[in-house]
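Both of the next two complexes hold chain A, though its partner changes from chain B to chain C.
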Partner chain A sequence: MNNLSPCAPARHRGSASRALLAFMVVLVALLGIVAMPAARADAMEAVKCTGRPNSEDDPTVIMGATESRITFEASIAEGEGVSSLTLHIPDGTSFGTDDLAVTLLTGDDLMTRNELDYTEKVDGQDLTLEFAEPITQEGHLNILVYDVFFPADGGEMQLEATYGLTDGTEASIEGIPSIPVEGISFTESLSQWLEDQSWVQAWNSNRFLHLFFDPALLVTSFPVVLTGFFMSISIVAVAFPLAIPMGLLLALMRISKLRLLRGIATTYVNIVRGTPLFLQIYVAFFGLPLAGIQIPNFVLGVTVMCMNSGAYMCEIFRAGILSISKGQTEAARSLGMNGAQTMFYVILPQMFRIVIPNLTSEFIVLYKDTSLLAAVGIMELVMYARTIVASTGSITPYIVAALFYLVITLPLSKITRHLEDRVRGHRTRKHADAPELAAEKGASHE
Partner chain B sequence: MKSMTRRNFLTVAGALAGTAALAGCNSEPKQSDQSDENADAADETIDEGELEAEVGLVTEGAITFAVSPDYPPFENLVDGEYVGLDMDLGRAIAEQLGLECVYTNLDFDGIVPAIAAGGQADAGLSGISITPDREEQVNFSEPYYIDNQAVAVLASNTDVTEDNAAEVLNTAEMTIAVQSGSTGADFAAENFPNAEQLAFPQFTDAFAAVSAGQANAVCGNLAVVEQMLAGAYSDQHVVLTSATGEEYAIAVNKDNAALLDAINGAIATLRDNGTLDELIATNMG
Partner chain C sequence: MSDAVVNEAEKNDAAAATGDEPILRIVDLHKSFGQTVVLRGIDIDIHRGEVVVVLGPSGSGKSTMLRCLNRLEEPTSGKIFFESQDITDPKTDVNDVRKRMGMVFQQFNLFPHLDALHNVMLAQRKVLGRSAEEAERVAREQLARVGLAERADYFPDELSGGQQQRVAIARALAMEPHVMLFDEATSALDPELVRGVLDVMRELAEQGMTMVVVTHEMGFARDVADRVIFMEGGYVVEDGAPEQLFEHPKSPRTAEFLGSIN
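And now, the complex of A and B:
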């Protein structure tokens, strides 16, 4: 390199920047030449190096101190004769060799799997594979290392790999992507600690307790299901307030004197109340997009829940309006109010007080029904619980999910009961029957 | 034996089970080692007798398989009938064991937990790949089929091609539809961690989601993806395949070793007499 530095500025002393540029170009070229021999002997190149995600919180996260698996894949050039391969697993990472899988993928689409005859040797963090027959076929060498436990603190895990050729040369595989590992989450470490406790083991030895109330799983599924809880709550929190004006509008249409308005509202309410919400969700999620209407999942979910709830609320409001005594309307009209004024200043304020208990139970129903959105890929409460059940085989996450429903529904039904009592207390026995009937109607469609 | 690979395991286990089946016959005084077929036939009658005695079944006289019929060509409902490789295999196994074959419909992600809990079905037969996670919950029979992973996108989607699929799929703009609890979901999570994942209980819905534009790509077992694309979803094409070599096997409750042995014996017989290959040939077309 020294012999080059004087030659560039010698030509154009004035143009320092050009000289620098030339120097850089030469430097890069030189580096390229230095690297070339290695590149030429690069019988193997890294294709991928991944870890199996092992976190319940996020399906793509790899955590430390929790079982994982390393998938290492490198390409082999034709006729190279690779006779051995050494994987240097990052320090602090433990691994097992019992289930080690070494496969050579060949063919144009790399879909042909060839088993290899090899012996493995473990020396500290080095896992060496000696191939009985040197690999001369072109293809990808795929290695699965099981029982991998990354360090608890996580970090970027950089594997190193060297290989030996039949002619005795050794070279290392460059450009292996590192595996991002996150530190073990608090709940996961707590759960692992719990699993080691003797009382937990005794508890879990009972089949029923293990399946339904595994303490370690209660801990790990809690934060995961909590994420779904927020999703469910946010769906209801948007859908419910939107359904109220919709239900009110439908109710006013249903008691309207105009036959057309009445017909539209009645048809809508009958169709929505007469078909399962599950079916409506399917139609909306798979039908609308096919018809060219593209709506984001969350918005679509909220819309379906809102449109469904609107129909039920329509009936709640209609019952409420009809339960207001005729005398109220007559009195208002005799004071000179027109129809709209009567409705907005006299009827509706009284109606709302009566229907609040029913609206609360409608809220409970709506909240529980968000679970149906799991079928169309919305990650709500049940769906999160479901994914953990699938990977652990214990029902415990469903129990956690049930708790998240009860946390909302139990206090609300208590409030509903309280409100019902209040409504009853304010009215005469005879009139109180009407809202009670409506309450039953509202509850019956659960 | 330590360096035994998973593929090797398949053949070795097959051979072992075969020998075990024969050995079982030889212990019968009447039997000699003349004819394999006779031996196998006799083996079945023994199995049948033993089965009644020691295998706990959900319904007496019948073997109940939990199945998620959304997975052609392995299991599918056609006019209310269960059809596909797994379904034919289940019926053949039941016949071997002298039991009636009953299918019970469960979402895929519920099958392994249901088998682990017991009570609903005797065995899970639904294109279930052997994975270490599942092995912790249930026992697996000998594998009967090997499958790989594939990713499909809409044919009209020019952003994802066979050349750039591996990189493009691993970006935040991508939404990948998978079946909840499947190896396809694990594969997508490991190889495309930056993409968003949309999990459906029914695999068929994942394809519908791609056609409907809810997701950009669908990831799952190759044989199923190919079958779905050949049928209802001809507007999609495969952009990426990976030879994961997953082994499909039957899941059995850990406490029911007798049933596992019986199923393994039946699979070995079906493999040896060529029925398994026949079933694969007819169903894979």
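And now, the complex of A and C:
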């Protein structure tokens, strides 16, 4: 940088005014060049300050709460006489000093490594190096700090450094670049903690357990698959309630006296129930765009699920309606109620009580079948699990996905069994003087 | 009470005053189910205030005849006039006819999802368009009439068979029908529960209700009926006053049937 000679004769000749102008320009330029190094002659300058990337997913990312290494490098001028250096590591970052590496890089290409004799001292976040011999040689002081764990929350890590000279003056090194650290979630840090546990390592030494039930992966897959879980749930949460009126309408059409309505409903139900849902999804997702109809994935997914479930519900409702004794209709009609009134006030309220168990089963089926939407790129449960499986090669995320299905389906099937019992039996009695009838009826059922 | 109901009542009085026009007239009624002929030409006139009991062995067509009266069964041929209106005419609003005819079934057919009170209220609200208050007032009145005021908030499965049948009667009465049809109303009941239902029916008869009763209860027929009709094989075999029919049956078939019962 300062290797230019301060003396340079004016080489320009020609007209006097031009020569003078040129001389002035050169002089100003030379003064500038000479002045700058003079002002900085005894200053250490930061050359670099980096962390070692430690993310498994992205080779350029430094993550918090994960082992890393800080590389700090600063230049020393000839004859500077640096006797000590203090690095202030940002708060919340832990570091080790066992493997500290302190080197002076010298030579034109800075490839000559010079070991330095030093003693280190740690005071809180301050790491102080006292050099046995003040450094007077020109070069780059390179310090590697190992066992660094940046804060889990991440952020811009700004190191500070001060150095002492032989004459007792102290100065700080300016312009140290900060280290960008990405925060990691609770589950990631838990997973890292797990990976370090000996029982987890023992567990994972079993090939089967490692492949299907890797504890660390269980933990890290959880929040990712959870996102898919919400997607699956929102699909059923919209599709299922919409399928109920649709199924009801189809059921009423199927028992209608009008041949046309019956025909339409029967054809629809037979086609939908007679073909795989998977095929229906393909037809909708690949057929409609080809036909020039663009529907957002979520909307289309919900529509297909709803239309499929509606056909099954039609049969549930129809069976429910037909299971109600003819006497109910006759009683209602004999009182002068018309067909619609009979249906809405007498038949359907009873029908719904009867079909609740079947409807719950249908909900379970629908929820499980949302997994088929993964095939057309809807980011639901299985899709998320699959992305982690693809990047880790472990089956564990699928197991996590299975748990997300079970957490809904198991309680629901238990409720279904309970409801079935209730439909077969009787309503919870509110009158204490009625139970002898229940016992009587219960006995007659056996 | 709504104006409509008052008007209806006035009309009844007017009709009753004109006298001998039958409230129900069955003319040459035939009914077949496919190849099976059930009714082979029935002619019966029923007058206002009359209690007519229909007897006969099972399969004689008496229930079918009764169900034709409010067109729960469609007659194959023949005519039925109810308050001078031909109810077999396709143009007749069958719902309008039914709201003036109460029916009580062998199997009660209470609505299991509603308590007794709401069983009695439902058709009042939906068919007669009564307000909730009005319907509830009438319902409680009718439940008290059948002795079940205390059971208004009981569900059908919390009531005995006899109680259910009495709620069913109250449900029909709440519509203020001009005729009550009873289709073997006590046949599904345990013997000890029959009495309560028959008492309600007896009371109803005493209050002047026009009733057509299909039953196997000979005691009821003997004591309450104004007329007894004996049906067999789809025909009316005999039609007369109970004393005459029970003591001096004209037809040997009637005698044989009564003999087999007693």
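Basically, the second predicted complex is superposed on the first by the 245 of 446 C-alpha atoms of A that agree within 3 Å, B and C clash if a C-alpha of one lies under 4 Å from a C-alpha of the other, contacts with A are read in each partner's own complex, and residues count from 1 in each chain.
We take it that a contact is a pair of C-beta atoms (placed from the backbone, for glycine too) under 8 Å apart; a residue touches a chain by one contact, two chains touch by 3 or more.
None of the values given here were measured: they were computed from a predicted structure.
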Inset, instruction - Mind working out whether A:S413 is in touch with chain B, chain C, both or neither, as first, second, both or neither? - result: neither
Inset, instruction - Check whether A:S334 is in contact with chain B, with chain C, with both or with neither, and answer first, second, both or neither. - result: second
Inset, instruction - Between chain B and chain C, point out the one touching more chain A residues. - result: B
Inset, instruction - Check whether A:R353 is in contact with chain B, with chain C, with both or with neither, and answer first, second, both or neither. - result: second
Legend entry - Contacts of A:L211 with chain B and chain C, given as first, second, both or neither: first
Inset, instruction - Considering only touches as defined above, state whether A:A375 meets chain B (first), chain C (second), both or neither. - result: first
Inset, instruction - Look at A:T387 in the shared chain and tell me whether it touches chain B only, chain C only, both, or neither; answer first, second, both or neither. - result: first
Inset, instruction - Return first, second, both or neither, reflecting whether A:Y345 touches chain B, chain C, both chains, or no partner chain. - result: second
Inset, instruction - State which residues of chain A lie in both footprints, the one left by chain B and the one left by chain C. - result: none
Legend entry - Interface residues, chain A side, partner chain B - complex: 48, 50-53, 59-61, 67, 69, 71, 97-103, 105, 109-113, 115-116, 118-120, 142, 146, 211, 285-286, 289-290, 294, 297, 374-377, 379, 383, 386-387, 389-395
Inset, instruction - Would you pull the chain A residues touching chain C in the complex into a rising list? - result: 325, 327-328, 330-338, 341, 345-346, 349-350, 353, 426-427, 429-431, 434, 437-438, 441
Legend entry - Complex contacts: residues of chain B adjacent to chain A: 2-3, 5-8, 109-110, 112-113, 116-117, 132-133, 136-138, 148, 177, 180-181, 185-186, 189-191, 193-194, 197-202, 205, 208-209, 211-215, 241, 243, 245
Inset, instruction - Spell out the part of chain C that touches chain A in their complex, as residue ranges. - result: 70, 72, 95-96, 98-99, 101-103, 105, 107, 109-113, 122-123, 126-127, 153-155, 157-160, 168, 171-172, 175
